[in-house]
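The following pair of complexes shares a single chain, subunit A, combined with subunit B in the former and subunit C in the latter.
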Partner chain A sequence: MAEMTTNRIPLTAPPTQAALADRAPVVREGVTLEALPEGTILHLLARPTQVAAPFADKVAAAGLDLRVVAPGQWFATAPTVMSGADLVVLSQALKPEVDVVDQSHGRVGIVLHGPLAARVLAKGTAVDLDPSAFPVGRSATTLVGHIAAHLTRVNAERFEIVVQRGFAGSLFDDLSQMSLEFARL
Partner chain B sequence: MASLITCPHCGARPKEEFTVKSAALPRPSADAGEAVWFDHVYLRDNPRGAYEEYWHHTSGCRRWLVVSRNTATHEVADARDASEARP
Partner chain C sequence: MTSYRLPTGGLVDRTAPLSFTFDGKALSGLAGDSLASALLANGVRLVGRSFKYHRPRGILTAGASEPNALVTVGTGGRSEPNSRATMQELYAGLVATSQNRWPSLDLDIGALNGLLWPFLGAGFYYKTFMWPGALWEKLYEPFIRKAAGLGRATYESDPDQYEKQWAHCDLLVVGAGPAGLSAALAAGRAGARVIVADEQAHAGGALLSETATIGGASAPCFAAAMVAELQSLPNVQLLTRATVFGWYDDMVFGAVERVQKHVAAPQAHRPMERLWRIVARRALLATGAEERPLVFGGNDTPGVMMAGAARTYLNRYGIAAGRKAAIFTTNDSGYALARDLEAAGVELAAIVDSRRQRPSDYRGKARLISGAIVTDARGGKSLSSIRVSHDGRTEDISVDLLAMSGGFNPVINLACHRGGRPVWSDAQGAFLAPESLAGLALAGAANAVTGIAACLADGAEAGARLAAELGFAAAPDSTPSVEDDIIAAPTAPLWSVPGSKVKAFVDFQNDVHVKDLGLAVREGYGHVELAKRYTTMGMATDQGKLSNVNAIGLLAQVRGVSPGEVGTTTFRPFYTPVSFAALAGAHHGRHFQPVRKSPMHDWAKARGATFVETGLWYRPAWFPQPGETHWRTSVDREVRNVRANVGLCDMSTLGKIEICGSDAAAFLDRVYCNPFLKLPVGKARYGLMLREDGMVYDDGTTSRIAEDRFFMTTTTAYAAGVMNHLEFCSQALWPELDMRLASATDQWAQLAVAGPKARAVLSQIVDDDISDAAFPFLAAGEVSLCGSALRGRLFRISFSGELAYELAVPAGFGPAIADAIMAAGEAHGICAYGAEALAVLRIEKGHVTHNEINGTVVPSDLGLGRMVSAKKPDFIGRAMLAREGLQAPGRAQLVGVVPLDKADAFRSGAHILAAGAETTLENDQGYITSSCFSPHVGSSIGLALVRNGAARHGEEIVIWNGLRGEITRGRLCAPVFVDPEGGRLHG
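This part shows the complex of A and B:
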């Protein structure tokens, strides 16, 4: 029997069109909603007792932002596309601690930014977004409306949302509607 | 309504993020016999008061929890990761 490869290198061509290619930025008074460029989203998986400390530097050195998903799970994201070769190198470097699954085509990023970003997002999630409970750098896996999503506060007024590709359009439209009360007249 | 469950990993979250499995009961041994297994799988006491159940944080960390709640008051006393709370 042929030996099976253990590295999950993308086997298919990239999607021909970005999931949110037809969604223009939504600019409201005090909050803006935009699709993020489809760069790199890696799902890191380990035993639930694994901590980030032993491999966090390796992720940062590869130019990726490390975000907590769940016990033993993280996303490592970057706004640019990572080459297959670089992905193999990183996967092997992380192998002692975590397994890497490339989700760059499976998940899509959306950003909500501006002084009213938290006001809009709070309509859809039960996560307490007050800066004392959800400071910069904090992430949460939660529901936004009925859609499973992953939130990260990247700065005081900027939330990045990672969502499964097939739900991206619906979530974008939901967030657009949630921000309607701040529409420019 | 037991509307907020404090997940040990995620904090307080609404029940809509969870899936309830069933009562958290000690598992019979594999050779315990049909009657014991039938009881374990199908028969529930439905008590008024303290109750322990398996809850899955489906739309959050996706960990199985053991949630202790009161079926009369809906007060949630405790929620632990199931790996640390085997009955």
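This part shows the complex of A and C:
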């Protein structure tokens, strides 16, 4: 690395701009829609034949939740930002079975919670959200309306949606529209 | 007044009157009424005019198949033409208007068509309006369209919301009549996830119109008890006002729910209609049977009604559809109506039974005429008499209501939506659903079962059987005892009656009568598909629900074959009309398609950017400065500033793909036509991707971040396409390669910093040494930024031809880093530039985009032939690229174009002609693919694909734009207008 220049232009505050900073929570009767804080979303890529995740312990030890994306692919998520150093450590620990692509800025989380969350989501996704078919902890990559997204049932009445940053505002607005029939009057 | 409300009876709420209007006249109905029943209660029986002959028409049915009582409901943006009055629930303030009449429903000039009827038979306009041909579009067609028709759609926008919803179940039961309800209960009690959908406002189906008692309770009460139990089961969902309109692949059913079509003041936050897509593991059609009309003269006269409908109006709505009735029947169902009418005190003049044998158990007072037919109904706008023919005699009977029943057609439409053909049954005298439908079964009257008890049992058995197939142990309940049910056993169909004096209608809605079908057969259109098109039978909005089987029977009769041999036309969705609004759902207006925003969107917006839609993205096109009133002023300034100083441009919309794994380099080497295997770590390379057919697919730079990791960029437009392509290559073509892919487009805010002062600006941001020696052209790597505040990726690549870098930072940092770059660049005269300036800069340099990569060019056409590796054993497109034609002389090649006179301009799309050549297709030499005003050249410039273009630099040509009538003299030149040696890149 070259010699550090002292006269650096600093990053102005706030250094990061959340994709959904301007979207206030939408509170309906029985369902609430909120943007999640932009924490950590790592895309873990193994061979497509890899179904189980033998590395789950390492991911958990790093404080991340594991969510299935596709055969051989997972998201490892955390509500807080992971430091670059920790990311390097984890990436090295997972080699060579798994490659890590940081998507913490590329993907944005949106949460729908409340007793009517599944009802609202069913307006967008073809995934069967009945607890028998989509239990807690299950994830699916699906379209929500016209937008590709990654859906996880976090608990009985809470669904987290991970969407590409560029579509986050549009998806938030679409979900708001889908929940409109339960508006508080 | 003919029809009227009885003092008692019906399921209507007599304490809840509702006012409404029909053709401006104030009327009153009751809660629980349909619009049709409310009109009948007010004695209104003329409700519409027919499509072609403008015949007076009344209410024929009480359900979804109604062909006559079509009205416009609502006003303004909410007006809905061709609404079936029989399906429209009454609400307070409903405004209904009759259609296809002028000046009024009662006095309709168009009815003169009826006098011309000998000339207006099937196909008349094909024969009549033959010549002169020019008059067809100008006169005949507009006239015919004006004279015939139904309601008119409004031009106002619909103020309401619509939405779509998915649902999943083990068993979908279509129809909540006796069979459907008992099936749903059997499966629901067993624990299966059941959805029951019914088109009516209340579940119960035929039970709501029935006077039999079931298990000691009235039929409607029995239905209500079944519904209550269903609603108590958490695994059962009951959808009312929901018409299942189609059966699609993968056991998906479409249904439309009329959420607020029945309310006086729709709530803005709720949808008007909801489109359901129901995924069912099994489905049961309990859709009942449609009563078959009888085809006799004047059978469309208001006052002639289906017997089952008359019974529904009587028992469900408490309405006598006439004061003096007759029944014309071929089966026992007419006797159920006879019994109920007499019990309600309505005078029943006669029962005309086509059968010789008298039913033994009729004990009413009406005169029973066996072996008889009704040949004609008379009365014009309201039935006054019928002519009965029996034993060689005719007699006229004065009545104002004639109820008819020609037997029953099981409603099997959905069962045939996936290609199955109905099967004719002589025993049932009806078409039945094809057998062995995967996943779908039928029960009750749809399954040709007759009688309430049998339908309950059939439904329960089917529900239990389908649940058991899915592993839910179910035991069908014992069927309750049913009393006073008149069961109509199947009888031989009566397709037509002889001796009618006036038109006997087969298809009421399209005004097709018996003689039209005979004409079709005589003129060679006897095949059912041809007869349909020749006569238009079955082609109206009711899709021939009442008419098709009769038409088939009549065709069979004329051709002397069985109805089975005639066959049916193809059943297709939709079962009943579905509004476009429901199909569009929420996807209209600003929700029509998603908006995709760069992480720099708000940053650019705050700087006054004018945006341009590119696909789903909104990209800054240019950044107007104070005083700039024309886009060209802004763009020219931005271009000049980049060439003179430095500019900042958002490149975040480029597709970005991370490619990892020990075989990542080998993978790229196969995907690109130029070599990538030995690209060193820390280097970027321009890559050209071909399709299998050898044509250029996409281009972009790919950098090696680490030994086993690459960062690919694609064009904005093909980002998703390239990702799919790579996935296909990885998963299907070369699964043996150890490599993996992830789209990282949205992870990075990518900023181009271009211009001679780019390094001076960026070196204030980047901590690492970015001197030309340390970070030369095509260097790439991770860098530290802003005093170790952040890490990013820096690429020494250039689209503008200037000294340039692209800096990628995690997306959320984009605006802050852009601010930092602008602050650092202030002293150097930095400006933000948009997609327009970007385009000018790249055209000046002859860099291609998808304007040039148009699917017909190979690398050599673009002057990139030397990029194609001759050493690699294989890559996508290699084999097909070797085709003779793709290497032959005379292909269109990339050239530059300038006007001879700098004041002249030309546009993309204009064609190139040799100077002096005639403007013919044969003389076409190619076309302008990209054009702009170049501040550097001082005139319009263009890139073009021109035959043999590479060898024609300097040739004078004509740029011809036939669309705009522009002819410009120009010259072909090298496609690089600025710095052809590329010295600026390496500064």
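Just so it is clear, the second predicted complex is superposed on the first by the 167 of 185 C-alpha atoms of A that agree within 3 Å, B and C clash if a C-alpha of one lies under 4 Å from a C-alpha of the other, contacts with A are read in each partner's own complex, and residues count from 1 in each chain.
Here, contacts are C-beta pairs under 8 Å (C-beta built on N, C-alpha and C of every residue); 3 or more make two chains touch, one makes a residue touch a chain.
Treat the numbers as computed from the prediction; the structure is a model and nothing was measured.
Novice: Quick check for you: in the superposed arrangement, does A:S104 touch first (subunit B), second (subunit C), both or neither?
Specialist: After superposition on chain A, A:S104 lies in contact with subunit C alone.
Novice: Is A:Q164 in contact with subunit B, with subunit C, with both, or with neither (first, second, both, neither)?
Specialist: Second partner only, subunit C.
Novice: Please work out whether A:P48 is in contact with subunit B alone, subunit C alone, both, or neither, and reply first, second, both or neither.
Specialist: A:P48: touches subunit B and subunit C.
Novice: Name the contact category of A:E181: first (subunit B only), second (subunit C only), both, or neither.
Specialist: second
Novice: Quick check on the superposed pair: does A:Q17 touch subunit B, subunit C, both, or neither? Answer first, second, both or neither.
Specialist: second
Novice: Specify the partner with more touching residues on subunit A, choosing between subunit B and subunit C.
Specialist: With both complexes superposed on chain A, more residues of subunit A are touched by C.
Novice: Per the contact definition in the header, classify A:G39: touching subunit B only (first), subunit C only (second), both, or neither.
Specialist: After superposition on chain A, A:G39 lies in contact with neither partner.
Novice: Looking at the overlay, does A:A140 come into contact with subunit B only (first), subunit C only (second), both, or neither?
Specialist: First partner only.
Novice: Just subunit B (first), just subunit C (second), both, or neither: which does A:D128 touch?
Specialist: Touch partners of A:D128: subunit B and subunit C.
Novice: Identify the residues of subunit A that lie in both the subunit B contact region and the subunit C contact region.
Specialist: 48, 73, 126-128, 133
Novice: Show me the residue ranges of subunit A that touch subunit B in the complex, using the header's touch definition.
Specialist: The touching residues are 48, 69-71, 73, 126-128, 133, 140-143, 148.
Novice: Which stretch or stretches of subunit C touch subunit A in the complex?
Specialist: That would be residues 161, 163-168, 193, 269-271, 277, 279, 586-587, 590-591, 593-599, 602, 617, 658, 660-662, 708-709, 731, 735, 738, 740-748, 763-765, 767-769, 774, 784, 786-791, 810-817, 819-821, 823-824 of subunit C.
Novice: Which stretch or stretches of subunit A touch subunit C in the complex?
Specialist: For subunit A paired with subunit C, touching residues are 1-5, 7-12, 14-19, 38, 43, 45-48, 72-73, 84, 96, 99, 101-107, 122-123, 125-130, 132-133, 145-147, 164-167, 169-171, 173-174, 177-178, 180-181, 183, 185.
Novice: In their shared complex, at which residues does subunit B touch subunit A?
Specialist: Where subunit B meets subunit A, its residues are 4, 9-14, 16-17, 59-63, 81, 83.
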